[in-house]
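What follows are several structures.
In the two complexes below, subunit A is the common chain; its partner is subunit B in one and subunit C in the other.
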Partner chain A sequence: METAKVTGERIKSYLSTGKRFDGRKQDEFRDITIETGISEKAEGSARVKIGNTEVIVGVKLSVSEPYPDSPNKGNLMVTSELLPLSSERFESGPPKFPAIELGRLIDRAIRESKFINLEKLCIKEGEKVWSVFIDIYSINYDGNLIDAAGIGAILSLKTAYLPKYDQENEKVLYGEHTDQKIPLSEELPIVITSHKIGGNIIVDPTIEEEDVSETRITIGGSVEGKLFSIQKGGIKEITVEEMDKLLEMNDNARKKVYSQIKKYL
Partner chain B sequence: MSDKMERQIVIPGEVIAKGENYLPGSGTEKIGDEIVSTKYGLAELSDRLIKVISLSGIYQPRKGNVVIGKVENITFYGWVISLDAPETSFLPLQEIPRYVNKGDLSEVLDIGDMIVAKILDVTSRGIDLTMKSRGLEKINEGIIVKINSNKVPRIIGKEGSMINLIKKGSGCEITVGQNGLIWIKGKNIEDELLVKRAINFVSEKSFTNGLTEEVKKWFENEGKPINE
Partner chain C sequence: MTFKRSDGRGIEEMRPIKAEVGVVPNADGSAIFSFGKTVAIAAVYGPRKMHPQHQQDPEKGKLRCNYNMLSFSVDDRIRPGPSRRSTEISKITEWALEPVLLIEKYPNLVIDVHINILQADASTRCAGINAAALALAHAGIPMKNLVSSVSIGKLDKQLVVDVDKEEEDFEEGEGSTDIPITMTPEGDITHIQLDGKISIEELKEVVQLAKKSVKKIYEVQKKALKESVKL
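So, the complex of A and B:
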C-alpha cells in the first residue's frame, strides 16, 4: 500500500524543520554495504544494499555485430527488472515505465561519461565487437533504487573480466576468463538522485519519502564535479534557487558515497 | 513436548507432539498419531489443545475485526476500501453515522483518505465494512505504520498489556488495525516516531519471551522510562 496522505503530511512538516523520520540529515545516505563477485556465471557482479534497499547487478559480455553508425565501437545495453519479490508494488510481466526508466538513467550516465572505452572493445571493425550487457535486478525495494543500481553498475564493470574468445570458431568460451579487464576510464560516473519534498531537497529517500516526492533529479557525475547526465522526473517544477541547492547537495552526497565505495574499486 | 511447555517456533511439516494425549488445533494437522504444524509460527499448548500462532502470511479478514483502510474508489452507493488484504472491501452509504449528500460522497471520504472501520461481514461477494461504532472514524492526522498482520497480537499483548505500555511510554493515541496498519497520533512528531520505533522493535522481537520487560528496558534506553 502506498504511503498514506496523513503520513505524507507528517513527513513534509517534519522535513520543514530540517529533520527526517529516520533521523538522517538531508544530504545523508543510509549505510551502504557492498559485495562484489557474487555471481559465478556473470563476468562481473555486485550486490549493493542502501539501508533496506537491495539490488544485484551483473555484467555479461558477448560478441556481436556493431551498429552501422559506430562500426569501431562496442555495444552497451543496460536493462533492469523490478522483481515482484522486492516489493508488493511490482508485478511480473513486460517491463513497465519505472523499470525502463531505471535502465535508461544508468545507461545514460555510463555512456555519456565515456566510462567504458567502447573503441577498445572492437575486435574487427564493422564486423565484430564486444557487447556489454548490464542487468539490474531489484531484490528489496525501500526507495532509491536508482542510486543503488548506479553503484552496482560501476562496481560490476570494475570487477568484470573478459571471457576467452575463440577467433577461429568465432565462439565465446564462457567460463574461461582471461585476466583482461573491460577498458574503463578513471572518471567514475556516480549517479545521485535528489528529491524535492515540499520545498526541501533530500537525497537517498526511503519508500515513504519517495511516495511524497514531488520532483526528482538524477545526475550522473564524477567526484571531481564533472557532470555527465541529468534527468528530471516527477510532476512539479523546480526553481533556480532550489536547483543551486540541489547541485551543491548532490555534489556533497557524491563525495560521501565515493568514500564509502572506493575500497571496492 | 512436556506438559509445561514454553512457546516454541515451528515450521510447516514439523512434528510438534506424538501420542493420543494432545488434540490438533488451528494451524496444525493430525497425521497418524503425530501432530504436525501446517504453518510457520509459535506452537502453544492450552489444556490438551495444540495450536500454532502464525508469524507470516497475508491478512485474512474476519467478521468483527477493527481494521484501517484506504479509500480506493467512490461509487454511487459507497466507497471501495483497500485493507491490504487479498480482496477489496466495500463501505456502504448507510454504514456512515451521519447524513451524506448522495450527490457528493467525496465530501465525506475522498480517494486516498484513511479510515478506521469494522468488518461487518465476510461473504463470497466480498468484505462489508461499517463505521457505525465507537472509535471508528476518518483519520485526519498522525502517521500510519504497516507491520505484518500476524504480529498484531504481539503488539497488543495479553489483554492489551503491550499496547498500553507503549501508550503510557509515549503519551500517544494508538489504534491498531487487525490488518497490520497502525495509526499513531501524538502531541508532536517525535512522540509518534518513538511509537513507530517501539512497534518495529516489538515486531522484530515478536518471538521472544518476556517481551514486555524488554520493551520497558527499550523505553529506558530511549531516555523515556515508564513509571508504574
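So, the complex of A and C:
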C-alpha cells in the first residue's frame, strides 16, 4: 500500500521539529542484524536486516573469458531481484528500473573502490579469468534496500572462498572449496543513502519515509572519508549548502554503521 | 608544474560547445548539443495523452526520457536496444530535468524526451541533458529555468572541466574520477553522480567548479533559444 498523503504530511511536520516516527535521530540507523554463510551452495553469502528490511546476498564464482578491454582482469557482475515475496509492491517479470539501479549502485561502489583485486582473479591472460557474481535478493522491504544490499555484498565477498579449479579439464569443482579467499583490499566501500524530506536530511528511511523522500543521494565511501561513487535520485533539487551538510551526515552514519558491522568482517 | 591536458585545454576550459534548437521538424521541440566530438540530439513529443491509460496520473504529468546511444557512436559497436546503463541514464535524466519543469500543469499527460547520442567522446549524459533541457524549452513546456550539465574530472589530483574519453581513461596516480553534475543557473544541484575516488573536501571543490562552469553552458543554451525566435 502506498503511504497515505496525511501520513506523509505528518512525517514532514514531525521532521521539522527533529523527530521521526520511530523515535530515531536523523542520522541514526535502525538495528542492523547480520548473519553470514547462510547458503551452502554459494561461495559466500550473507543475510542483512536493517530494522524490518531484509536482504540476502550471495556470491558465486565461475571461470569464463575476460572482457576484451580487460584481458588480465576477472569479471564482476552485480544484479538484484526485488522479489514479489518481499513486498506487495513488487511484481514478477523482467527487472524494472529500481532493481536495475540497485545492482548498478552496488556494482559501482565495489568496482570504483577497487575492493576486489580483479587482476589477481586472472587465471590465463586473455583466456581464462574468475567471474564474480554478486546477486542481491530482497526478502522483506521496509525501506533502505540499497544500504542493506551494500553491507550484504561486502560481507559475502569477505566470507567467500574460491572453489577448486581443475586446470586440465577446465572445470570448476564446486563444493570442493579451497582455503583461498577472494583477493580484497583494505579499503572497504560502505554504501550509505541520505534522503531529503522537506528541508531535513535523514539516513536509513523506513518505507513511509522513503515514499515522501524528495531527493536521495547514495554514496559509496570508506570509513576514512574517501568517496568512490555517488548517485543522486529523486525529483527535487538540492542546494550546495544542503549538499555540504548531507556529506558530513553521510560520513558520520558510515562510521557508525562500520562499528556495528566490523566484527563480521 | 602546471597540469597539461592531452588536448592542450586549460583546466577550466570546456571543449567547443555547440547548441542549436529546432533540428527535428516533426517534434514539438528539439535540440542538438555538443561538447567537442560528443554530440547529442534530443526531441520532445507532447504533452500528449498517456498510454497505457493506467499510467495516467491525475495530479501531474509525467516526464519520460529515453537515452540511447547509436550503435556506431563509439569504437566498439554497441548492441542496439536498451541496456542496464542506458535505462539508468534515462531515469537520471528525468530526475535532472524534473525539478525545473512545471509538470503539474499537465495531469494525465506525458512528455516524451528522446535523446540519442550520435557520437560519443565521454560526457554523453551531460550533453544529452543539455540537449533535452533545450528541447523542452523549445517545445514551449513551462519551466522555472533551464538546467545545464557538465562533467568535472579529477585526474590524479587535478580537477578539470568537461572530461573527454582520453581523460576518462586516465590511469596515472590516483587515476580518473568522473563527476557529472547538473545544476540550475542559480547553482542548485538537480543531478550528481560520481565514479572514482575523492575526499569530501575535494568534492566540495568540484561542486563549486561545476557551479562556475554551468553558467557558461547556460549562456550558450540561452543564445541558441534566442536565435530560434525570429524577431
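Remarks
Going forward, the second predicted complex is superposed on the first by the 265 of 265 C-alpha atoms of A that agree within 3 Å, B and C clash if a C-alpha of one lies under 4 Å from a C-alpha of the other, contacts with A are read in each partner's own complex, and residues count from 1 in each chain.
Please note the rule applied: contacts are C-beta pairs under 8 Å (C-beta built on N, C-alpha and C of every residue); 3 or more make two chains touch, one makes a residue touch a chain.
What you see is a predicted model, and the numbers here were worked out from it, not measured in a lab.
If you count the residues of subunit A touched by subunit B and by subunit C, you find the higher number for C.
Of the two partner chains placed by superposition, only subunit C is touched by A:Gly225; subunit B is not. In the superposed model, A:Ser13 makes contact with subunit B only, not with subunit C. When the shared chain is aligned, subunit B comes close enough to touch A:Phe21, but subunit C does not. In the superposition on chain A, A:Thr239 contacts subunit C only, with no contact to subunit B. Looking at the shared chain after the overlay, A:Met1 reaches subunit B, while subunit C stays out of its contact range.
Residues common to the contacts of subunit A with subunit B and with subunit C across the two structures: none. Remark: subunit B residues 70, 82, 84, 112-114, 139-144, 146, 181, 189, 192-193, 196 touch subunit A in the complex. Those residues of subunit A whose C-beta lies close enough to touch subunit C in the complex are 68-69, 97, 100-101, 103-104, 108, 112-113, 217, 225-240, 243-244, 247-248, 251.
Taken together, the subunit C residues at the contact with subunit A in this complex read 76, 84-85, 87-88, 91-92, 94-95, 98-100, 179, 184, 187-200, 203-204, 207-208, 211. Note for the complex: subunit A touches subunit B at residues 1, 3-7, 9-10, 13-14, 21.
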